[in-house]
Each structure stands twice: as structure tokens, then as C-alpha cells.
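There are structures below to look over.
After this come two complexes, each holding subunit A, first together with subunit B and then together with subunit C.
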Partner chain A sequence: MHRRKLLQISTALALAVGLGGAAQAADPVKIGYVGGISGACGGLTHSAVKAMKIALEEINAAGGAAGRQVEVIWRDSKTKPDEGAKQARDLILTEKVDLLTGVCSSSVFMAINPISQQYGVPLISAVSGTHKATVDFGHPFVFQTQPHTLMEGKALAEYAAQQNWNNIVTMGLDYEWGRTTVKVFTEELAKLKPEVKISKQLWPRIGETNLTSYITAALAEEPDAIMGVLFGSGTNSLIKQGKSYGLLERTKLLTFLSTESYMSLGKDIPDGVHGWARGPFYALGSDKAKAFVEKYRNAHDGEYPNDWGMLGYDAMYIIAQGIDAAGGTDPEKFRQALGSMTFDTMRGPLKMRMLDNTFNAPSYLGVTKMSDAYPFPTMSDVAVISGDVTLPSEETVKALRAAAAK
Partner chain B sequence: MTPGDGTLRDSASAPKRGDTYSINWRLVLSVVVLQSILLVVSPPLVVFALIEVMIFALYASALNLLLSFSGMVSFGHAVYFGLGAYGLALSITHFDFPIALGIIAGPLVSAFFGLVYGILCVQLTAIYAAMLTLACAEVTFAVVFQWFDVTGGDSGISGHVPTMLGLEPYQFGLVVLCVVTVAILMLWRVVYSPLGLTIRAVGQNPARAAALGHGRKSVQLIAFVISAFFSGVAGTLFGIFHGNVFPDYVGILFTVDGLLMVVLGGLYSFGAGIYGAIVYKLLDNLAAHYFEYWQLVIGCIIVIVVLVSPSGIAGLVRRIVSRIGPRR
Partner chain C sequence: MLFVQVLQGVMEGIFLFLIASGLTLIFGVSRIVNFAHGSFYMVGAFLTYQIYPWIAEGTALGFFATIVICGLLVAALGLLFEIFLLRRVYHAEELMQLVLTLAAVLIIRDATKFIWGLDDVTVSLPDALAGAAVVGGTYLPTYQLVMVGVGVVVLAAVWGFLKFTHAGIILRAATDDRGMVALLGINQAHVFSSVFAIGCFLAGIAGGFAAAFESINYLLDTRVIVLAFIVVVIGGLGNLYGALYASLAVGILKALGLLFAPRLSMVIIFLLMAVVLLIRSLRRTTE
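Up next, the complex of A and B:
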């Protein structure tokens, strides 16, 4: 009995000493990544993970953040909100992470958001489109580094107002992203250029691959442009099926075209489509961006990073530099640091406003063109619309928060 | 691990008259006590896992009432699970219900939709009825996903109820344990009551049951509504557990999860949902942790289990118990 007790005590002591020693020696900054590595986001997230790993390597090689090495624990949300919530909790409670990042799919972001709030662990979204987490349900420790739905809707309106388009048909996927983007676009465009007529609003179902009825309905209005809030197979179908109706000869098309779409559709995307993107590597002229793209391609068989890769790389640096400036991972100091500095990112200098912890991330709009530089078409004459223009006003933020708190 | 775990005597097939199917209270009590201790002493993360298992044990048991006993297949049962969570959320956000009333509304909304869809589905039998359940589920998912002014679309509804009612995880775990235990015991009562006998009779031989004066449609409809109600209880608990609700909760993946649990657990046995929930959730958590292609691993394990023991884990447990345990 005595011997057993002795054994227990000595084991406990040994463990305590061992753990204490280890903690003193390394004590890295721990970041928990939760993203849709599998599931619906799988096709987009892979590039973000690869890019964030490159950033992490660079950051650690340069001495880490606040003098500490940075460690990331990667978790798959399976693009399911409950799974994402579970992983986030696990990261906080078991792994004791200092911060959370990642996220793809709005629902997973919304599911993790209250957990970040509950435990006071900062959540820095690298790749999520919804504005609801930072605006409607914002709390001091949730951050958004990419343009969200409200910002993109406004960017689209700014772009459309600069074109010679007076009659526009909107075609938005019939769910939250499509509806919200079209709503903001319509409202903002009415302010910028009241004479523009939105002659029809069409709402194709998500997953609908036969868009011919929508195409003919849109063309019947003889619009100057069709504004399509579609992605993936939706964009694909619109462009391919539009061809047989001479869509691009009869009108202009403005739609979401991330690098992923260019790579998968290739030459199926004709020249002359107006596209919008969040982080097109080919349009970012900075040396930083060029060096990253080269590094990424060397590490991954010549593959190009998609928009999510560019956003992920930037987010990792924003986190590390924020920790550096805060001198550690104290959430409030981290927030103050993010709000008080300018980040030199691949997308240019970015600043965060304290109102809703949102960065003035730019949107990129341009016209597709096949060139010899890449094996797929890219956008030329890219217009960069700064987040300073597109961020929602303080009144809007307050009104949305009041409505959400009801 | 979970109430009723393995110990309620499973012998759905060929119930004999005179069999009591009384509840083994000693067993139920010991499982509840054991589970309570586990909830109190475990670190939060294990508590969360236990809560999840309990909620899914109830959901799968409710589905099992249809699959194993009533002779129906539901390819859209997540609807009743998810509508429990939506019933709770919408009654609070849109009708200003207090939380307590919202919690009651959740399962009732599920039962209501169980009644409406059930009336449609019992008109058909076999695969046709199953396809109709799938169609109803698709319609519901589309409405929840697209009607975003009301349902919040794919970013769901949050903030209507404090996560776990603001309780400590173990406290909420104890609440869930109570609710799930009572609900599963009620399901047991249903299956082994005269009503349950009728349900099983209809499930096994509708023509003969009809000859005895028990119409298939009405009996199956009752089973459908009961199953929807208890799925709704599970869904409401899940909605409180996470403090939010998303269209995924009514989506096909939750339906498939439930079906897999029942099949893994062992069709035609009352404990199927409970065993299945424990094993499936364990696999789900571990496989994704250790394997990149976790779906493949889980798929292979399920195929192996089904091939090795077609009667699932319940069958396996029965065999082991009959080998080592005292003969009944």
C-alpha cells in the first residue's frame, strides 16, 4: 500500500516537473485553426491551409511573435456548424489556444463566434463572407480580415456606377448570400446613380444547373448588364448556357469569379466578363505578393494560390504582427494593437476599425482576358475598391446590432 | 454510458404474450448514477461529448421506433430533429415566447410537422413512402435555407437562448440526462404497451393486423408523430446545447447520421439507437482526429460491422451476454 502511494506521488512529481520544464523551455503562442478542410468548403480551404503554413514557417524563422514561436493546431470543421463549435471548444479547453482563426462557411463562423465570446478567446476570421459575426452579433474579440457581404455589395455598386450601365438585371442565388448582396447592391446603386433602372430581379435556386429560363428572362429586358451573384456551378452554368443565347454579345455580365473559378473553368470563361474577387494573386503587384506566389508554387507543383490562399496568408501575418505589437496574447491588448496599426499585407496597407473589428479589405473588379502569362484567363484592368469606401456606416452597424439584440 | 444502455431486454422480434417487458429499474438506475458521476467528474470536453451522445441516443431511438418496429423508413428524419431547434428559436425570436415556453414549443412543432408529413407518407408503403419522407425533408430544408428573413438562412439563428441555458456543462449534462432518460423510458413504454404491440404487429404483417381491425395508416401515423415528437425533444436539447440553430440541423447529413446509428446499433432491437449513438459518435470524433480521409475510415468500419454482425452492436452484445452471463 505504502509502496503504491510512494509510486503515485513520485509519478505525479515527475510529471509536474517534466511539464513545468517543457512549458518554460518552449511556451509557444498557440493558435487554433478551425476550417472546412473537408465538406462543402474543402475545395476552397486547401489553398488557405497551405498558404497559412507557409506564413507560419516564415514567421517562426524570423523569430516568431512577441519573441515566442507560433504553433498552429489544425482542426477540420467538416463544414458543419456543430462540428466547428465542438472543435473550437476543444481547442480552447484542451489545447488552451490563445487565439482562433480559419473558418469557411458562414454557418461555421456563426457557430464559433459565441464560443469565442464566451471564453474571451479572440477569433480572427481569415476566409468567411458573412457580416453577421462582426456586425450583428459582434463582440470585442471577433475580427474580420476579408471584405464581408455588405462590403462586397457596395463594391459592386461602386463598380457598376462607373460603367455605362443604365438598365440592370440582377440574378442572385436564392439564399442569404445572394439575397443580401443583391439588396445592398441595389440600395447603394440607387444612392450613387439614381437613374439606373433595376428592371428585373431573378433568384435561381442554389444547385440549379439549368439556368436557361433565367437567361431568357433576363435577356428579355434587354439589359445593359446582368449582375450575377452566383458561384461554382452557378457561374459555370450561366456562362456556358449563356453562350448559346449570345448572352455576352447582347449584354454585359458581372459575376463572382475567384481564382478557383478561373482555374477550374479555364478557357470556358470568355474574354470580356466583368468579374469580382477577394484576393486575385495575379492582380497584386507588391513584391510581397510576388514572393509568396513563387514560394507557394515551388512548394506545390506549380499550383497557383486561390483567393482563400491569399487571404489566409495575410491573416496569419496580421495575427503574428498583432501579437508582436501587443507584446503577447492578452485579448484586449491584442485588439487595441490591431486597431492602432497599419498592416503591410499582400493586398496593400490594411487597417482595422474598432467599431466592428473589421479590416478595410479591398474588393477587386475587372474584365476577363486570356493572356500568355497563365494557363487560365485572369482579370485585366483591375479596379481596387478600398474597404474605406465599402465599410458600412456607424449608423448601419448600430441599427443591425439593435435589430439583432431584440 | 447512457440510460438504458444495453440492459433493457431487447427482443422486439416475436413478442410473446405474457412477456412483461418491464423496465429493469436496477439497471436504469445504475446507468443513470454512473452517467451522473461521469458528468460530474469529467473534464468539460468529455462532458460535451457525453451530452452529444445522449442527445443523439434519443434522436436515434426515436428514429428506431419507425425503422425497427413500425415497418417504416424515414429518409428525412433530421427534419423533426432540426424543427425542434427551429421551433425553440423561432418561437422566441418571432413570437416573443419566454424561453421555458419555447422549449415546450420545440418538440410540439416537430410533432405537428410529423403529423402533416406523416399523413402524406402513410398513404404509401415501402420505398414509395421512404421517398416521400425524403421529399418532405427536401422541401423543409429548402424553406429553412432560403427563407432567410425568418430563419436566418445559412447563418442560422443565434443569441435567442443562452448556450446550455447559462449552466455549467456538467449541470446541463445532468438536465439532458434526466430528459433523455425519461424520454427513452417513455419510448420503451410505447414499444411494449398495447399500442406498441399494435405498432409492431402492423410493422411485421400489415395485412394480418388489418384483419384484426388495426388499420395500417392510422397506426403508422401515430408511430410517426411519436417519433417526430421525441426527435424534436432531442433537437430542442441540441439547440439549447449550442445556443443556435442552422439549416444543417434539418439537412441530409443529420438524417444519414441517425440512420447509420440505428443500423450500427442493430435494427429490430430497442437499444439500437443508444448503442449506435455511442459507437458512431466515438468513431466520428476519433476518426476525424487521426485520419485525413475520415469518411472512408468510418465507411469501412460500418461495412465491416454490418457484415460481421448484421444485427449490429445490439446483436453482438446479446451474443456476448448470452455466452458469459447467467442464462435467463
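Up next, the complex of A and C:
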């Protein structure tokens, strides 16, 4: 009872403040950022925040969006769903933001998604892998600018089908991302190359860093390749510990390898690991990407942006250009604008389809190699698998939505 | 296959013992449930990352020297914590002690974030330790064998210390009956402080070894403490040998679980914990 009253009063107050300040054309566009600045996503997100701040500065220096300056209010979800939901609600109700962005960790994305739907405030996910927010529980105002799990699973299958691998062991982190990616990978690979056998599926927990028992259990199957769906410390431990078991001499390894892993492992990453990534700066040849990397490095002691930084920078521009084209922040006009444009991003031209508000973001796969260009190894011979190939079909989207509605 | 996996389990078990031994030792003597044990472990790991490049990076000798230095530094940190804070709550209710060690967890975590940032960092193994002995197609990684050796040395040292030295006898007496030891005119404060420092030293070197073995970040503290508690609870709080058996049991069960029922490997460990607790409480009620 008490709490409800408090909520009423605060809503009333918020409304009063909001109405008082509304309807002035010169007001800035307000964007609420909710992301895992600390917690499990902390090691990934900081680069996204730095990159988005650079994009924001550039956008405002060039006149802002739809003639208004853009202001971002930064909030930390601590990579916890309840905290993320609280922050998102607060940004909408008290800060009166026009849009929400950010998000790392699928679970936080899923927690914020219904809030975006409830209040009709667009949510543009820059860095979160789950497809459930846009596909299964999609609504008109949730957008995804990076490849989601259905797309990545398919890209991995496409890549694996081209290799000479007939016996594969999967090792996926025991949660949403790991489980779904392995499932989609297995299903798609069975369609592309039915003779491939998945001889074992292993599920290390998040935060588990002694993976040696998993490595020996995987090698016991004498696989042609191990497919790892791990990130951060999981990827690092797998590569480090795998080395002393002769993993790369005995089999091949395909694993998620975004830039922060290269930076923290350095020369401990051997040549010849098959990696996949979402926004590897070194493989993006456009002038736009090169200019951004240089700017980022100058601002941050020569540090390179990780994949999340590249995705964050792109997302900030997509938002600003969308608002520009929509002539403001009206959610429906914004959506129509996004769906009708081609965005010139660092990852090349990207388009969004209206079916599930998902961009045709590419996946990057290649083989690690040390070179003189960087103080850490990078992927060479990078294959870019376009989102046009990996986006799920309309029937799949409809089937998943029907199943979720039950 | 079975042999390889059991061996793997033993190696993982010994490493677990290295983590858990300090925790159980501290509890045995001072009855403090030290939640900050994982934090001291984490500090040991980060210090190793920090100091190793200054001390002959790339050589095995420099690596071991680094780990010992880091162990001593962590022991010193633990000693400060014990003398200035923990000592004041020995006679307070358990909740107070819990709150204090939990506060240490939060403070150390934030300090770690402040000093070393949010990114994962790793320490490169010296080349001499990076390889593996291959016996009949079975890989025995040098570094894991070294850790087994260290575990055995720690066990022997603690055992010898408790069994044969004067200080060890006092410690054992303090574990059994603290009041009696005090009545004999022995300064309990010294006993508690030294045990806490030894426990922290063990946490520090375990962290140092982990730094070269896995990837470290500021979330390492809670990751490790859960594992350490599982082992200590199965082995019996305060029971050093129990911790050893429990470590080996957990390591081997996990490794075998992965071979036969990958989805259940963690469930099996928690089942073991439940069964041990159940039997123990049944025995207590029948006595």
C-alpha cells in the first residue's frame, strides 16, 4: 500500500517535471544507456562506453540528430537483470528518455525488453546476443544491431561445413547464449552436412576457469574439431590450458575470439586457432573504421577498441541517423526510418528488416596468426558471413513467436 | 580413457586443496568463517601478474620467486586485517564476524577494480613449465605436475608443523580447547594471528599459481570461495585431512562425470555434499 502511494506520488512528480519541460524544440534528445559496466560484462562493456562517447561527441559536433543535441544518461546494470530493469524504468519515468540502448548479457536484455514494450520507448541493443528479445518476444520497438544467436549459430555451421571436420565435440557455456548457439549450430550443420557427427556436448559453467577436465574429456573422443562457445576468461582458460594438452596438435579448435581475448592472452594464443568475432577492428578495412580506431587509441593511451567498442560506435550512429531521418523521436516514425535506410557503418552497409527489427550484421571467422602489425595475434584470412545468409526465415520467426505466445 | 580422466581429477583435486587448506586451517583454530579467503587468493593472482615482469620474467626460477613473494605480501595483508579488524570481533556473535569478512570481500574487490581495472589479465607460463610429458599417448602437463608437487609439499609442511613443532602443538590444543590454552598462559592473540597469516599465505600462492594457469579478473574472489567452501564443508569445517580427501573426491568425481554424464557432473558434486552432510547430521542425532 505504502509502496503504491510512493509510486503514485513519484509518477505524478515525474509527470509534472516532464510536462513542464516538454515541447521545446531545442531540448536535447535524451538516450538512456543501460549496460553491464560492472559485473560479468564489465571486461567487455567499458570499451563500448568509450566508443559510444566518441560517437556522441562527433554527432553533436556535427549538429546532433534532427537538429537537436544528443544527451546520454549512463547507467550500470551490474550485469544483473533486476538492476537493469530498475535502471531502465527509472530512466523512462524520471529521466524521461526518448530511447534506450546499451545492454550486455542476454538476461538483462530480456529483463529490459518488456519495459521498453510497456512504455513504448524504443530499445536499441548494441551488444547482446540473444535472439529471444527480437524474435520470440519481439515487439515493434526493440531493435538489434549485432548478429544474434540464431545468426551466429548458422554462421558457425556454414564455416564448419567448409572444413574437413566429421567428428566434432561442442563446449558451450551452460546458459542461454552457450546453449542456444550450440543447438542452432548442431541443427544447421546437420542440414548442410548430415555426415558430421557431434560426438559429445560439454557444458562448463560461467566463471569456471579450470577447464582441464573438459579438455581431456573432449580429446577422449578424438574429434576433428572442438567448437567452443565461451567468452572472456572461459576462452582464455581453454586456450591456455589446451596448449599443455597438445590440443592444437591433436585436433582443431573453433571458438569465440573477440579482441579482448587477443589483448589479454597476447602471444599465448598460438597460430592456427579458428576464431569467430562480431567486430574485429583489424579486419574492417573501411576508412571509417580506421579513422575511429586511431581516434580511440589517441584518447585511451594507445589501447585498441574491442568488438563491443566497434558495435557500440556503430549503434550510436544508427540511432542518431534514424532520429535524423524520422525527424524526431516518435517511436513509429523511428522504426519506419530504420527499416527504410541503408546505414554506412564500420562493418559496411547494414540494413534492418521490419519483420523482426534485426540488422543484417555480419559474423567474422578466421584463423589466428601473429604478425608485426599488432602486439597480439589477430585473425588472418577473415571470412565475412553476411547477415543476409544467416537471418532466420520468416517461417522460423513466426513459428518461434507462436511458440512463445503460448 | 578412464585412467587419463582419473589422473586429471587428481591434479584438479590437489589444486583445490591448495585453495581450501588455508580456509579450513583458519576455521579450525579461530572459528572464523573467512569469506575474504577468495579475495586474498585474488590479490595473490593479481600481484603475481604485477610483479612477475619485474623479476626475471620467462624463467621458472623467477616465477617461483614471484609466487613466494606474493604469498608473503598477501600474508602481510592478512595479518594487518587480522590485527586491526578481525581481532576485535572474536568474542562477538558469529553474524558480526561474517559481516566483517564480507565487508573485506567488497573492499578488496573494489580496490582490485580500481588498481587493475575490469579486463581479464593473464600471466604467461615460463617456457620450462609450459610443456607436457607424453607417456604412451597420455599428456601429463608439466605445470599441473608442478602444482601436484606443491600441494604435496604444502600438505607435508603443515602436517609436520602441526605434529612436531611447539607452535604446532599449541595450535592443535587451541583447536580442541581454546580456554585451556589461554589458562596455560599462552598468548592466544599470537596463535590466531599466525594461523591467519599462514592461511593467507596459502591463499596467496594458490592465486599466484592460478594466474599462470587461467584467466584472472576482479570476479575471481567469489568464483573461488564457493568452490573452496564446497570442499571444506564436505571435508568437515576445520579438518585439514578432510579437506584433502574432499578435494580429491570432488576433482575425480567431476572429471569422471564429464566422461560419462557431462550434464550431471556438477550435480554429482553437490549430491556428494548433500549426502555427506546428511550422514554427518544423522550420526550426530543418534549419538
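Keep in mind that, in the parts below, the second predicted complex is superposed on the first by the 380 of 406 C-alpha atoms of A that agree within 3 Å, B and C clash if a C-alpha of one lies under 4 Å from a C-alpha of the other, contacts with A are read in each partner's own complex, and residues count from 1 in each chain.
The definition used in the following text is that a contact is a pair of C-beta atoms (placed from the backbone, for glycine too) under 8 Å apart; a residue touches a chain by one contact, two chains touch by 3 or more.
Please read all numbers here as calculations on a predicted model, not as lab measurements.
S.K.: Who does A:Leu93 touch here: subunit B (first), subunit C (second), both, or neither?
M.R.: first
S.K.: Counting only touches as set out at the top, which of subunit B and subunit C does A:Ser105 meet: first, second, both, neither?
M.R.: first
S.K.: Have a look at where A:Ser237 lands relative to subunit B and subunit C in the superposition and call it first, second, both or neither.
M.R.: second
S.K.: Of the partners subunit B and subunit C, which touch A:Pro140 in the superposed model: first, second, both, neither?
M.R.: neither
S.K.: Based on the superposed arrangement, let me know which partner A:Lys200 touches: subunit B (first), subunit C (second), both, or neither?
M.R.: So A:Lys200 only meets subunit C here.
S.K.: What is the contact status of A:Gln118 with respect to subunit B (first) and subunit C (second): first, second, both, or neither?
M.R.: first
S.K.: A:Lys132 contacts which: subunit B (first), subunit C (second), both, neither?
M.R.: first
S.K.: A:Asp76 contacts which: subunit B (first), subunit C (second), both, neither?
M.R.: Touch status of A:Asp76: first partner only.
S.K.: Once chain A of both complexes is superposed, is A:Glu260 in touch with subunit B (first), subunit C (second), both, or neither?
M.R.: Second partner only, subunit C.
S.K.: Take the contacts of subunit A with subunit B and those with subunit C, and give the residues found in both.
M.R.: Touching subunit B and subunit C on subunit A: residues 38, 205.
S.K.: Enumerate the contact residues on subunit A facing subunit C in the complex.
M.R.: 38-40, 42-43, 46, 200-203, 205, 207-210, 212-214, 216-217, 220, 232-234, 236-237, 240-241, 243-246, 260-261, 263-268
S.K.: Sort out for me which residues of subunit B touch subunit A in the complex.
M.R.: 43-45, 48, 52, 142, 145-146, 148, 152-156, 158-159, 163, 238, 242-244, 246-249, 253, 288, 294-295
S.K.: Along subunit C, where are the residues that touch subunit A in the complex?
M.R.: 1, 4-5, 8-9, 11-12, 15, 113, 117-122, 124-125, 130-132, 134, 139, 141-144, 210, 213-219, 223, 251, 254-255, 258-259, 262-263, 266
S.K.: Show which residues of subunit A lie in contact with subunit B when the two form their complex.
M.R.: It is residues 38, 76, 78, 80-82, 85-86, 89-90, 93-94, 105-107, 109-111, 113-114, 118, 130, 132, 137, 174-177, 179-180, 205-206, 404-405 of subunit A that touch subunit B.
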